[in-house]
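Following this line, the structures themselves.
Next come two complexes, and both contain chain A; in the first it sits with chain B, in the second with chain C.
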Partner chain A sequence: MGSVTFDVLTTAAILFVVSTGLMVILGVMKLLNFAHGAFLTTGGYVAYMAGLAGVSPWLSIPLASILGFLFGLVVERIVIRPLYQRPLDAILATWGLGIVISQVFALTFGRGVQFAPSPLSGTVDFLGVEYSAYRLAIAAIAILLAFALIGLLSLTRFGLNARAVIVNEDLARGLGIDSTKVRSLTFGLGAGLACAAGALITPLLSVDPNMGLPWLVNSFMLVLVSGVSFPSLLFASLVLGGTQVLVSTYVSPILGGMTIVVLAALILRLNPKGFSRA
Partner chain B sequence: MPDTNITVSRTHRAALIGCLIGLCVVAVAPFTLDIYLTNILIRTLLLAAVVMTVDILWGYTGILTFGQSAFFGIGAYACGLVFTHYGFGPGWAFAALAIALGVAAIVAAATGWLAFFHGSSPIYASIITLALPIVLTQVIYSGGSFTGSSSGLSGFPTYFWDLKVWFWIAGGFLVLTTTAGWLLVRSDFGRVLIAIRENEDRSAYLGIPVSRIKTILMVFAAMVASAAGFAYAAFSNVVAPELVGFQLGTELLIWTALGGRATLLGPVFAAIGIDTMSSWLSGAMPFLWKLLTGVGFVVVIVALPRGLAPLLTALWHRFWPKSNSMFTEVKITQAPASRMLRASFGDTPPLRIEHLSRRYGSLKVLSDVNLVGHGTELLGVIGPNGAGKTTLMRCISDGKERTDGSIHINNVEIGRCSPQRVVGLGVGRSFQNTSLFDTLTVAECLKLARYRLDGAKLFDRVDTVALPQPALDILKATGLDQKLSNETRNLSHGMKRGLELAMVLATEPSVLLLDEPTAGLTRPERMAIGEVLTRLTRDFGLCIILIEHDLDFVRAISNRVVVLHQGAILMEGTVEEVVASDLVKAVYAGHHEEEVA
Partner chain C sequence: MNLINLLFGIGVGVSLGASAYAADPIKIGIPVGLSGANSVVAPSVVQASELAVEEINSKGGVLGRSLQLEIADDGSGAQGAQRAYDSLVFQKEVDGIVAMETTAARNAGLPIVNRGRVPLIYTSFYEGRSCSPWMYINAWVPEQQVAPIVDQFMSEYDAKKFFLIGSDYAFGRGMLNFTREYVESKGGTVVGESYLPIDGSDWTAIISQLRSANPDALITSTSGGAPNVTLTRQLRAAGVTIPYGNYAVDEGTAKSMGEDAEGIYIAASYISSIDTPENKKFLEAVEKKFGDDAKTPNELSVPQYEAIYAYAAAVEKAGSTNPVDVIDALGEVTVDGPRGAITMDKQHHAALTMYLGRVTGDGSVEVVRSFENVDPGEQCPQFAN
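And then the complex of A and B:
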């Protein structure tokens, strides 16, 4: 029972970490980034490469976020910016980008599965339950990340500009906010978060060219259900991720695999606003 | 008259000729191709038919679907499962095909129910279509030995006909379904699909049942894809989860985009070309080939949003200048306006609003509004910006908008009806910002407005559109009757407003909601519209609710004025009473607080 509770909490944390990059981009740019899965994969390969090079696994996470940020800036400039006026086309372009990225990895590293070293191994005794140390660390990181992102949005100049663009882009531009720059930084930030998340979760799993895909759809669902708000994303991760763990544990892992998708689709059908307070 | 008959049948003749040429090519082709290529092409031709349905869904109707592969897979699995586990023979084959079509239709209807409802975003619908193949793949994995799990089913009994026969089946299927699709998108119904793509909201407010049309379209597209999948499984003797998966679903989208969306033949040829090529090349350089198509896809989306087909047609038109046969001359006839007169019959007022309120969170936009609109009455609604005038219109025309209260149209409570149902009850609404269908012609827009009453031909175009007298009057007053075959984006602002009003009137409403119908118009245009509005109330018994800032215009035409202020009715009376009122002057001049104090 105790370990199931921890499963619920850490799964929610992982889902939250994986979805934040997507939400940042959707919120500010109104763009559903289908390359999100490929960005996660990129982070996974950064962790793998760092492991090969003998870099400390803890360092691979910030490294992935920096590389992701720079990569995001480039992608935004080349692919996303020409498509601002065509949101559905932007979806397709990011999807195509995802294919390109995963094919590049397949050409470089092969189709096979690779493993990255884990920063923390073994289990710890926490509140009377033996539990994976690294999963607990991820939960702690998720909470820190949530605070950091909320702080970034509500305390910094960039956050203020970004919120202005979220609410009313035309007006924000009229007030002298460089919305192109905000969009560009946002895409970089989203890509950086996604890569960091990929590097973070890879030690738990493994990395292959299509590693990000299963996460992609679940993150979409979570972000659509929660609207643009980090607290409600946390809540959605907890509810949907928790249900997923319970279904996988007590019913069947395969049904568990589609819990989030089915549940989120039904929630959105019955209440198009999902969990958001708008 | 005979002239129009010829142009109408020209579409059909082109379809017939194209169909026959296609069938001849299919009949001859297997004699000239080697076995390897024939093998590849059978699969490709079946997939091309699926791509054709993707183009109708996405290119024409604007439903970005990632899940069409799911239906292809359903057809394939219906074949594989029945032949493996139950039996084989002509009877079983027909039963399996029936199951394939039936299951695909049911799944498509359920997907449509989930994805399409008034207010659902296109992105949400896309995600649902993306989830569908993923969920189905999981279902197949969980099927154990019944579905063959990840390795699929193979070696089941099937008809081991000659390759030529399978080629003819696949090719014939493609040619026939594509011909039907070609006629569909060129029909009046095809224009409805384009209207949904261009401006879904406006379509709903013309009474077009957008969600139902999308769902039905999805069901038929699913059945075509399922039949193709069935044939593929029967031919290849193998079914695997990849046939259901969304990798295939996105490949279908890529081919559609590369070929040129909304060109129908472009995606079909792109599918044939690319899939054949990848079968050749993926053996030699598997990852590189996928990488190249991925790069090609991104480049086409960014740089050539209309795909490759328009390049080819542009080249074609350089040598064979475009003939204008596509635009059939449409004649306007008069429709009996009996429906419009119903408002003036009986004692019940056409519009009754009781205790209406609308809150956005803690913000109260409308509170406890009570209003009765009588037939033959032109009711002006005035008030400063932000008073809730447009919200009032929105609440009357969409049952889901209001927070509380009740609204009766012709004595029917609107409940939580979607806009298209409210239109059916007799409400017509024009918008503050002119919203039209840019690529459609004036006549096509008018036909669209008549869809709810007259329907639309599925595989044909009619060359007349019957309009009620008031709509004809508007067309004449604004000179639009001379511009029926112009695309609406080329009209002047005044004409656009006139067309919008004519479209709303063509739906034969008994309650007409007009949100600043004369904004930005010249004085003569205003006069013309004012006259038409007066006639509408006098001769056709309409109840018109008019939002207007121009008090002179309101004074000239309305019987009664309602002043809205901060979401509540401040005053009601004749124009003179209202204009003379100190309270109203104070509100407009912004001295409200002093006045109260």
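And then the complex of A and C:
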């Protein structure tokens, strides 16, 4: 029983970490970033190359976030910004970008699976349950990340501007907020978060050119259900991820695999606003 | 000038045409998954085919004719295989087919082979009991693969309670169903059997089930690549240390997984450390022909190499490429290759020497035991002789 509780909590933590990047971009830019999966993959390859170079696995996560941020700024300038007036085309462009990125990885590293070193291995005894040390570490990181992101949105100038753009972009621009800069920084932030998440989950998985794809679908469902709010995303991860673990454990892992998608559809059917109060 | 060039061109064309007619090459079709799930292993299979053809041609070919490969991408699936087989059988009009493919691709290709009456040698291990008068198989089936691992766990570790984990597809379920029957026939019990969808990589819930079932040994049959290695990593992260047999891991994967793979048991008909002159000669030939581009020979590429020799030997024995005669000969010829002497005389399947290997700390595979000429059992009783 104890380990199932931990499974629920850590699975929710992983889902939360993986989805934040997608939500940030959706919230501020009203753009569904289909390259999110490819950004996760990028993070995985950063962790893999950092491992090859002998960099500490812990450092590979901030490294991935910095590279992802810079990469995001470049992508925003070249691919996204020219398409601001054509939101549907912009979504299509991110999809194409995702394909290009994963093909570049396939050409560079081959289609085979690679491995990134794990910063923590084995189990620890926590509250009377022997449990995977790295999964517990991910849970801790997720909680810190949630506080940091909430802090960023509610305590900083960038956060204030971003919230203004979320609520009403035209009005925000009228008040002198440089919405282009906010959008650019947001896309960088979203990409950085996605890359860091990719590096973070890689030690539990393996790196291959399509590793981000299944996560893209789940993040997408979570963000649809949660709306644009970190506490509500945390709640959605807990509900959907928790149900997934419970179904997998007590019913069948095959049904568990589709729990998130089915449950998200159900929730949106009953309450089109999902968990968001806005 | 132009006229002279033209005449010269016609002359060369005619003489080339004539000589090509005199020694028409024997065409062997190779449908293989250059894209899709098999794309990781396909390059090694293509290399093995090229090497075999080059070796046979350098010794004068077969019946004075050279061998020629026709490689077609089957996309690792049914649709691509249909196109590949259609083009090989009806457009390129190949004389024989040697195929390392997924089960889906093989099932899609078989009707076309039956219709076109082309001898087919299937060279991938598979879940067993696929029968066609036009097909021979020189790779292992569950009967040959399962016993070494289960027997080792029961005798060496005194294991009674087994836990089985697989990917949800024909091969994964077929292997584990057979394992369950075999374990139960030997007096053991299966305390759990769980599957994830074929591309699933989050094994959290299954690992929790495994821990609460507290088995003596674990056997897994996932799809290759990511699902397999993520399962292994997550097992290690969860501190699972019971004896662990893995049907889907190969030497290359074990090497790249590093210390996570240590202690995994595998059963295979080919392990590159097999200590025979034939294997050494083969490894050197691969190294010499492909140099730095050489793909590590493996459980899928070596049967392919041997199957091309088997086809050549059958044509030699039949005295022509007449499909009916070649099919009869295929069940009689013996190929002495890297895996030893192999004859496909067991209901279109082959008895194989199986090696039980254990992955060591540096990712290499040490041979723990070998089992001579393990019989494939009743695969296609209609072809019993």
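We take it that the second predicted complex is superposed on the first by the 278 of 278 C-alpha atoms of A that agree within 3 Å, B and C clash if a C-alpha of one lies under 4 Å from a C-alpha of the other, contacts with A are read in each partner's own complex, and residues count from 1 in each chain.
To be clear about the criterion, a contact is a pair of C-beta atoms (placed from the backbone, for glycine too) under 8 Å apart; a residue touches a chain by one contact, two chains touch by 3 or more.
Values in this document were obtained by computation on a predicted structure and should not be read as measured data.
In the superposed model, A:245 lies in contact with chain C only, and not with chain B. By the touch criterion defined above, A:268 lies against chain B but remains apart from chain C after alignment on the C-alpha atoms of chain A.
Look at A:203: by the touch rule set out above, it reaches chain C but stays clear of chain B.
Contact with neither chain B nor chain C is seen for A:128 once the two complexes are overlaid on the shared chain. Applying the stated contact rule after C-alpha superposition, one finds that A:257 touches each of chain B and chain C. Of the two partner chains, chain B is the only one that A:88 touches; chain C does not reach it.
Contacts of A:96 after superposition: chain B is touched, whereas chain C is not reached.
Across the two superposed structures, the residue set of chain A contacted by chain B and also by chain C is 254, 257.
In the complex of the two chains, the chain A residues touching chain B come out as 32, 79, 82-83, 86-89, 91-93, 95-97, 99-100, 103-104, 106-107, 217, 220-221, 224, 252, 254-255, 257-258, 261-262, 265-266, 268-269, 272, 277.
Within the complex, the chain B residues that touch chain A are 62, 64, 113-114, 117, 119-124, 126-128, 130-131, 134-135, 138, 141-142, 250, 253-254, 257, 287-288, 290-291, 293-295, 297-298, 301-303, 305, 361.
Those residues of chain A that touch chain C in the complex are listed here as 3-4, 7, 10-11, 110-115, 118, 121-123, 130-135, 203-206, 208, 211, 214, 244-245, 248-249, 253-254, 256-257.
Interface residues of chain C facing chain A in the complex, by the touch rule stated above, are 39-40, 168, 194-197, 199-202, 204-206, 208-209, 211-212, 225-226, 229-230, 233-234, 236-239, 252-253, 256-258, 260.
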